[in-house]
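Before anything else, here is the set of structures, which you'll find just below.
In what comes next, subunit A is part of two complexes: it sits with subunit B in the first one and with subunit C in the second one.
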Partner chain A sequence: MLMTSERAGNGNRPRLRYIVAGISVALMVGLLILLGWGLQNTNAPQPEAGMAPTFSLTSFDGETLALEELRGKVVVINFWASWCIPCRAEADELEAMSRKYRDDVVFIGVDYADTEKGALKFIEEYGLTYFQGPDLGTRISADYRIRGVPETFYVAKNGELRGVKIGPLSPGELEFKILELLDDR
Partner chain B sequence: MIAEIGFVALSAAFVLAVYATASSAWGGYHERPAWVQSARSAVLLIAGLLTVAVGTLVYSLQQSDFSIAYIAENTDLAMPSYLRLTALWGGQAGSLLFWAWLMSCFVAAVMLGKWEQDRDLMPYFITVATLTTGFFIGVTVFISNPFARLWLPPGTDQLTVAFFPPAGAMLYSVPDGNGLNPLLRHFGMIFHPPTTYLGFTGFVVPYAFAMSALISGRARDDQWIRTSRRWTLVAWGFLSVGLLLGGRWAYDVLGWGGFWGWDPVENAMLLPWLTGTAFLHSVMITERRGMLKLWSVLLIVLTYSLALFGTFITRSGVISSVHAFGKTALGPAFFIFIGITFLGTMALMIKRLDLMKSDHEMESFLSREAAFLLQNVVFLAITFVVFLGTVFPLISEMVTGDKVTVGPPYFKATAGPLFGVLLLLMGVAPMIAWRKQVAARLGNRLMAPVLVSAVVAVFWGYTYESPWVAYPVLWLVVFATLAVLMEFWKGISARMSQGENPVAAFTTLVSLNRRRYGGYFVHLAVIMIGLGFIGEAFFMKQTQGTLAQGESLQIAGYAVRFDTLRQYIGADGRQVTEADTSVLRDGELLATLQPRQDFFSEHGQRVTAPDAYATLGGDVYVILIGWEDIGMGGSTFKVYYNPMITWTWLGSFVLLAGTLVAMWPQRAGRSHRSYVLNPVTPGPKLDAGGAA
Partner chain C sequence: MKRGALSILAAGILVLLPQTLLGQESAPSDDQVNEIASDLYCPVCPNTPLDVCETLACSEWREQIREQIAAGMSESEIADYFVEQYGERVLAKPRTSGFTLVLWLLPVVGIGFGVLALAGVLRKWRREPDAEAVVAPQDQEGSVSAEARQRIEEELRNLS
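Entry: the complex of A and B
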């Protein structure tokens, strides 16, 4: 398009010039509308309290899990991706905790903006056994307004959101939070 | 009192910016030089006033004047004074002031430079440049004021932030501030934001020249493109270094992961860099052959617009990112500003299309010109895919209601191969003749480097157990390197045949052709920088394990041994957990590394600080990720072997050196005009008060 406009200038072909000008202006106005619309919908910060946004997630093995069916259990939702380096640092801790609290806490790994191949390799590499599924269309990530990966959300037994950790989990932090939520009646 | 001085200076600078915009436009339109001279003085005064404003804020930061809201929000008493200085750009209001100040300094530098060459462009240059600078100053005066104070209105315990005291309110000073975001408490904070800002704000100069050439109808003259090229190089150099420093910072503080994460804000910095690089190449064709004028103007305008776009998405919170400043009141003002800028620029370009005709048509598709054009197209293609990936969440949400974010896999798959094409062109283009190249002769020239690089690449790949996909990439790297070195050798050997010794031949060669050989240095630097990315993509190794004291992890022929662990409280109250580890090879101790984790209890934030043993072959990069009771059970480490990453950091020095060489003015008296350049007729002298 841009090259055409140069030729249009060279050849003094007014019609082509109007077409090029029209398309350019339309694209520019389109971009401005997009940005203006985006500004209207500017992201609020992550939700930290209130009811956790519900979702259902289909795992890499084809099983489906819905958050509202997990009432009565503590839920840890971890957003991650195979390309994310800090996610690697916390992977072992998440797996260890998911095994330790298998009966009382449900761990959900939400794979964000990733390739299936990369994700499966990551899961295999760290021997992750808890529920893992791709966030198709990044819908869940959008509902939780994540800013990047890793991010970890804690959901209490009654379905309320009880905090978010942006960035990799620190040692002991996860267990501390789990114990706090398990005590919760 | 000091803050009041700062605010008065800031307000005066705003008034002067409005005045300079109007008087330069008036003077330019009615050809009244006195008005333009007066606008020029105003520009210099603006830079001086903003220097005062920045100075007062820096002073107040150092004094920890916690009655100023910005200082209470972004610093605390425990911060060392260098970090207190960096708080100038660590928060929204301060960074905008800093931005406006840098921009005003660039514009003032143009005013102080030689006017003769671009005299006719100066009126509208001042109009455009002060309009932009004025916007940023206005934002700090009216929306995000760094000098606003904390007030306690009567009968409430809610603090109000305002510059002018609300009725009956008492000035309130908090005992201690919030402190800088822990992730920003790093030496990288000293260099990365200022260099990046210098890059972004510097682009205003070529943009204002381009706009002025279009407004005044002098876009046919080539002199302004020459001036713009040098200023673009300045901004481009700063932006390049800023990008690399950001990468280095991310590498040193694990929280952001790796050294390039394709985060929207990183992309926003990359976009103007890409178009700026394309411009630095297309401008050579414009200067030498009088071609691609519209294209060059478009690239200048695009570069500046993308810099503004990047600033907008960072500041408005439109696209979520780890770097974003969060939701602020700036969004609407910024939106109106970029809307006016984009539409105005576009209207002007369309109106002046006829001015930018090429002097020559392309003679052959096998010519240096064609290679440059292809290179430009590839740069724009990368710009397009990166831009699309960055705004895709917005587009998808607007169209389908679902926000779809694309991650690094998308960017690697789309931009990666295009960067490969650029490497190939980087090697081939300098061997192609201007105007027309005979194919057979080019084939002969390419034969040796193609074959030699193929042999080296196979050997290299085989030695490092490379995956097969990496072989073509390795070949490209070796080929491009050889091609650049051959260019140097060609020049040096020609001089040596006239009896110069090699060192003298090299220095004379470079100093006589600074732009060309400076450019080649930059090419070498880009290849060096690329090595780190290639290492990460194809050769990175990693391992992880929980170690008792004295146990080791093995990686890439190295052993990393856990020696001891300690905990202490740092100067600014952070709780530090630090491990001593030893890097050994064949039992020989090479280095002691101290990876650590800092916990900032008041922010509830933990920052991981890895440590690395760096060699040219690769870094042993150790992260402490977990521990049990001190010295008892064991600590968990993650160890990476990051091949060739040191080349990336070394490349940044070569890039800086190359940019300086290319930028350095050639001795006066040497003419660079080629036979096709339109002679520039200097405008009548514009003495103070004289007639134009």
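Entry: the complex of A and C
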């Protein structure tokens, strides 16, 4: 009886070894896939062309806006934060352009990694009237792969991305780009 | 006149004293703020705990934590708020739920498999000397001294 059970135990040992080896290999493969996915995500380039990543943003006042619903209009998406010094340099121009092209261009201010108190103070300080909302969970900035603030993305009437400006806007640069996109049929 | 002034002073103290005490209670100390901030990372400066981060943004976040403590929010509620605002990456310790559970389980599973593999190797090492012990007498057969071999042969001859 003892011999039978010993024999059965010895017979099971190679099978157990195969199971352990199989699980180890599966774990290693899984880890490699995760590593590859992480590396791909980290090194993926910033989108500058193709369809603009869609998102919906809830403003500090509680209104919600979806990018998809803005087809037919030029959209300017500006990522900013109250702690960002260069964002202050372009705030007045963004507001002036949003007022000038109110009927044809939608301006969206995406507040990146900020405190609500700081953001609201910034909006009040510069008298910003265009749509402003916090990037909750920094999901929108992750989709647009921003490297910092400020960054400004231009979206054509058909929803395609038509360029990005990394850093503060130069005087006249924003209007030049808006006119170019408005001419685009 | 004097009595009137004293009454006003006493009334003033009675009005202001509870407010002062209340103010002291609702103003959390730096230690309280840093205790929570040490479990959070700055959302914009890579790998910098919030309690030691020196940027303007971090001081605003610490101030926010102070206000949240004063408002009666618990440590986990503040952490939840930070995750909602800035994502899971602000947590110094990944949560033990959802996909991040893998991060906690993976080392345990890895160690488990390491122990199994080590046990297998040790068992193999233990088995190898036994095998030698079985083989050794056969190998040593040829190394019997000439004197002993002669005695054995004599004994065999006597038997026949």
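In the analysis below, the second predicted complex is superposed on the first by the 145 of 185 C-alpha atoms of A that agree within 3 Å, B and C clash if a C-alpha of one lies under 4 Å from a C-alpha of the other, contacts with A are read in each partner's own complex, and residues count from 1 in each chain.
As a working rule, contacts are C-beta pairs under 8 Å (C-beta built on N, C-alpha and C of every residue); 3 or more make two chains touch, one makes a residue touch a chain.
Just so we're clear, the structure is a prediction, and the values are computed from it rather than from any experiment.
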item: Which superposed partner A:35 touches (first subunit B, second subunit C, both, neither); value: first
item: Subunit B versus subunit C as contact partner of A:23, first or second or both or neither; value: second
item: Touched partner set for A:49, first subunit B, second subunit C, both or neither; value: neither
item: Partner chain(s) touched by A:83 [first = subunit B, second = subunit C, both, neither]; value: both
item: First, second, both or neither for A:115, with subunit B first and subunit C second; value: both
item: Partner chain(s) touched by A:139 [first = subunit B, second = subunit C, both, neither]; value: both
item: Residue contacts on subunit A - larger count, subunit B or subunit C; value: B
item: Partner chain in contact with A:167 - subunit B first, subunit C second, else both or neither; value: first
item: Overlap of the subunit B and subunit C footprints on subunit A, listed as residue numbers; value: 17, 24, 31, 81, 83, 113-115, 118, 137-139, 142
item: Residue ranges of subunit A in contact with subunit B within the complex; value: 2-3, 5-6, 8-10, 12, 17, 21, 24-25, 28-29, 31-32, 34-39, 41-45, 81, 83-86, 88-90, 92-93, 112-115, 118, 137-139, 141-142, 145-148, 167-168, 170-171, 173
item: Touch list for subunit B against partner subunit A, complex; value: 254-258, 263, 292, 294-295, 298, 312, 316-322, 324, 326-327, 331-332, 335, 338-339, 342-343, 346, 350, 353-354, 356-358, 380, 391, 393-398, 402-410, 542, 544, 597, 599, 605-606, 608, 623, 625-627, 636, 638
item: Residues of subunit A that touch subunit C when the two form their complex; value: 17, 20, 23-24, 27, 31, 81-83, 113-115, 117-118, 134, 136-139, 142
item: Subunit A contact footprint on subunit C (complex, rising order); value: 43-44, 55-57, 60-61, 63-64, 83-87, 106, 109-110, 113, 116-117, 120
